[in-house]
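This is the structure I have questions about; it appears just below.
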Amino acid sequence: MEATPAAIEATGAATPSVVRLPPAQAVIGGITLARWRQLAIIACVIVALVIPFVVKNFFIFQLTLALVYALAILGLNLLTGFNGQFSLGHSAFYAIGAYTAAIMMDHWDVAYYWTLPVAGVVCLISGFLFGLPALRLEGIYLALATFALAIAAPQILKFSPLEHWTGGVQGIVVIKPDAPFGLPLSSDQWIYFFTLAVAAVLYVCAVNLVNSRTGRAMKAIRDNAIAAGAMGVNVSLYKSLTFGVSALYTGIAGALGAVVAGFVAPDSFTFTLSIQLFVGLVVGGVGSIPGTLFGGLFALFAPNVAESVSKGLAGAVYGVILILVIYVMPSGAAGLVRLIVSKLARSAR
Amino acid sequence: MSATLLEAKGLCAYYGATQALFGLDLAVEAGGITTLLGANGAGKTTALRALSGMVRVAGEIRFDGRPIAGRPVEQIVRLGIAHVPQGRGTFVRQTVEENLQIGAMTRHDHTEIATDIDRVYGYFPRLRERRRQQAGTLSGGEQQMLAVGRAMMLRPRLMLLDEPSFGLAPLIVQELFDILRALNREANVSILLVEQNASLALDLADHAYLIETGRLVIKGPSRDIRDDETVRRSYLGY
Amino acid sequence: MNWELLLHQVLAGLATGGIYACIALAVVMIYQAIDHLNFAQGEMAMFSTFIAWQLMNWGCPYWVAFVLTIAISFVGGLAIERIVFKPIHDAPILSHIVVFIALFSILNSSAGWIWDYTIKDFPTPFGTRSLIGNGLISAHDGGMIGVTLVLLALLYLFFRHTRIGLAMRAAAANPESARLAGIRVGWMVALGWGMAAAIGAVAGMLIAPVVFLEPNMMIGILLYGFAAAVVGGLTSPGGAVIGGFAVGVIENVAGTFIPYFGRELKLTIALVLIVAVLLVKPSGLFGRSVVSRV
């Protein structure tokens, strides 16, 4: 049967080139895969906890931002990787989260940590509402609708009647919080740990969500919406809900981003941000939760690396990096890891 | 004993890292009809896909004495092997006639192409009625006829047919198989037929192979296999 | 209602719509050939236009440069497919889109590096005198619309009435089955890229006199071009052209007549309208929907 014109809807997970991870009890070097996974997580946690004490403040700031991006990409991944819906509009949800936080802090002097749940709820609702009409659209058409959202967001933020709230083109400056309780941490270090803690909670939630009953319904819809519907999954509800949850993650990331960066302005949330998140998603691995961490690092650092190679041709260098990355790992970092692990597990057998 | 048109020796096939065929030996005689039988997942479709270059293979395949293993699909097709795939491969947005023209894309003899289209319509009059219709709107049986017609347009020497009876009403299947027999006699097209419907296939074919999990179990003239109680009971289930 | 103002805005909309129609046509072309949207399409057109500018700067007459640029772009498009995309044809679709983004970045950045970011004049072969409505549609606008329509007719003839056109459609619609018919699918895709690049070059050279030549000239236009193509229906070149004009008119009329929001949010309004169209007709106004079986 011929495919529908909606080619974009297919996610990496559905293509035959994706290698499946061997079962958790497979053995590499005398250690089971499940154990390897635990070791990897422990190593990551240790590195994450130690690193802010050994690098400069600016680098801490960048790492924090990478973490924020990773969280935003995680939101996008819940939608694309686990539910098969495509979005170029997540910069808008990021912006909504960021502005919610900034306006609360600027107008009502709300403490930064209280802004996160509010931003999350606001984005959950806006995502859910946007997801309702989006139900009728698939693939490229959904891409265009979300793309419209991405284009509209900065324009609306600049819109003069809203200037009292949004600060217009100038945006809003937010005061960076200092470490509480007299902890001996710099502001950057504190924000890093704060972000890390929030991210850790949200990642654990995401893993649980994906492995839950709801997560199975999400994935069933991704793989075959009609069959999922026939098995009694409420496709419309789950699709719009996933849109909401996805927006919630990205919105909380936006709120964190506002705190980290210390200001919000319409031109930080253009379509380019959506593209950055999308690239991070694919490079990390569509449908992989740990992959989003790599995606966040890539989204932040790849443009910087390109710029350090050549100022004038930074865009070209960035493009070449992207192409090389896709050549080496067509299914993202997660796909490469799966491939290596399955090779190692086989040779060990 | 007639000459061998297609011969495979020690044919193995792989999907990524998974092996699906394990050293199959297979031959199709020139002018003959051979059938490849087996249960679901035995590797029948894979065998056809291996022969026409659609999966990664190891081993030897000779067509008319020439080695063709590992060559790209387009080249193998151009040698005169037409593959009617499972699912029929209809170009749904194109018209019936355009579908037939697509089948003749490797040829450049324009007047003969027109004659051949007419010949296909001769075999399948219903396609002529629907020549201007989008192929996606045809019924399953008509699409199967179109697929065979498209393969005929290649003027093949060998036709690989993958479960042509799948999903069709018994009457239509009978009609289709009659046409296949006629094609084999009149146009001298050799046929390698993969079927689930073993009794039907054994009636049509002169030679049969039976495979199980990618390995050959039994081969021989169709008559012998049909008459062998044990084989019929244990493998063919009728 | 101010009818005269409305008429003016409609005419002005048709003039800008001609630009969108042109690029939408190129978008649909490549969509037909490779089955996805090419985000780098606008940058390819921009780069081609710079090549034309360079040729004219070296002393080529307009039409010589025009034809040479089309030829160079065709070969360039073919080369991009063979060099960049052929090695990853097995990769997931989303990875392909990342490579489009990479291509976008490379073309944009190198154009800026080679020809710098200053705005350049680009000549028009049609002249700039007024054609209709006191300068609302100039001779150049008319010429641009005319060329777009001619291009559309040529494409129609090519795809409907030539064997290679049929082979290209077959390869795009069902690559596996096309391969079994002996069609060299890889080359058909490459050919599609070449043609899309050539059409993009024509679009770029027609648009450049209006918007001026600089590396970012196509970014905004491509957005509208995509929108136009999707509204018209990605499977229909004619629909794309109509979609282009429609988007141009909507943009202008909405900008003038919707009070308060109009001027500042005209892009947003145009896009919202487009999405509204899609909600009512999910495969575009003129697109054919394909029923998918399970």
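Each chain carries a letter (A, B and C) given by its place in the written order, and its residues are counted from 1.
Here is the rule we use: a residue touches a chain if its C-beta (ideal position, glycine included) is under 8 Å from a C-beta of that chain, and two chains touch if they have at least 3 such contacts.
Because the structure is predicted, anything quoted here is derived from the model rather than measured.
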{"item": "Graph separation of chain A and chain C (steps between touching chains)", "value": "1"}
{"item": "Most contacted chain pair (by C-beta pair count)", "value": "A-C"}
{"item": "Most distant chain from chain C, judged by the mean position of its C-alpha atoms", "value": "B"}
{"item": "Gap in Å, rounded to a whole number, between the CA centres of chain C and chain A", "value": "31"}
{"item": "Chain centre separation in whole Å, for chain B relative to chain A (CA means)", "value": "48"}
{"item": "Rounded Å distance between chain B and chain C, as computed from the means of their C-alpha atoms", "value": "43"}
{"item": "Junction residues of chain A - those touching two or more other chains", "value": "1-2, 17"}
{"item": "Sites on chain B at which at least two other chains make contact", "value": "90-93, 136"}
{"item": "Contacts with 2+ other chains: residues of chain C", "value": "173-174, 235, 290"}
{"item": "Chain B residues within the chain C interface of the complex", "value": "52, 54, 73-74, 77-78, 82-83, 85, 89-94, 98, 101-103, 105-106, 136, 150, 154"}
{"item": "Chain A partner contacts - residues on chain C that touch it in the complex", "value": "31, 35-37, 84, 87-88, 90-95, 97-99, 101-106, 108-110, 112-113, 173-174, 223, 226-227, 230, 234-235, 260-261, 264-265, 267-268, 271-272, 274-275, 278-279, 282-284, 287, 290, 292-294"}
{"item": "Chain B-facing residues of chain C, complex", "value": "163, 166-167, 169-170, 173-174, 176-185, 235, 288, 290-291"}
{"item": "Contact set on chain A toward chain C in their complex", "value": "1-5, 7-8, 10-12, 15, 17-18, 80, 133, 136-138, 140-141, 143-145, 147-148, 151-152, 155-156, 158-161, 224, 226-227, 275, 278-279, 281-283, 286, 312-323, 326-327, 330-332"}
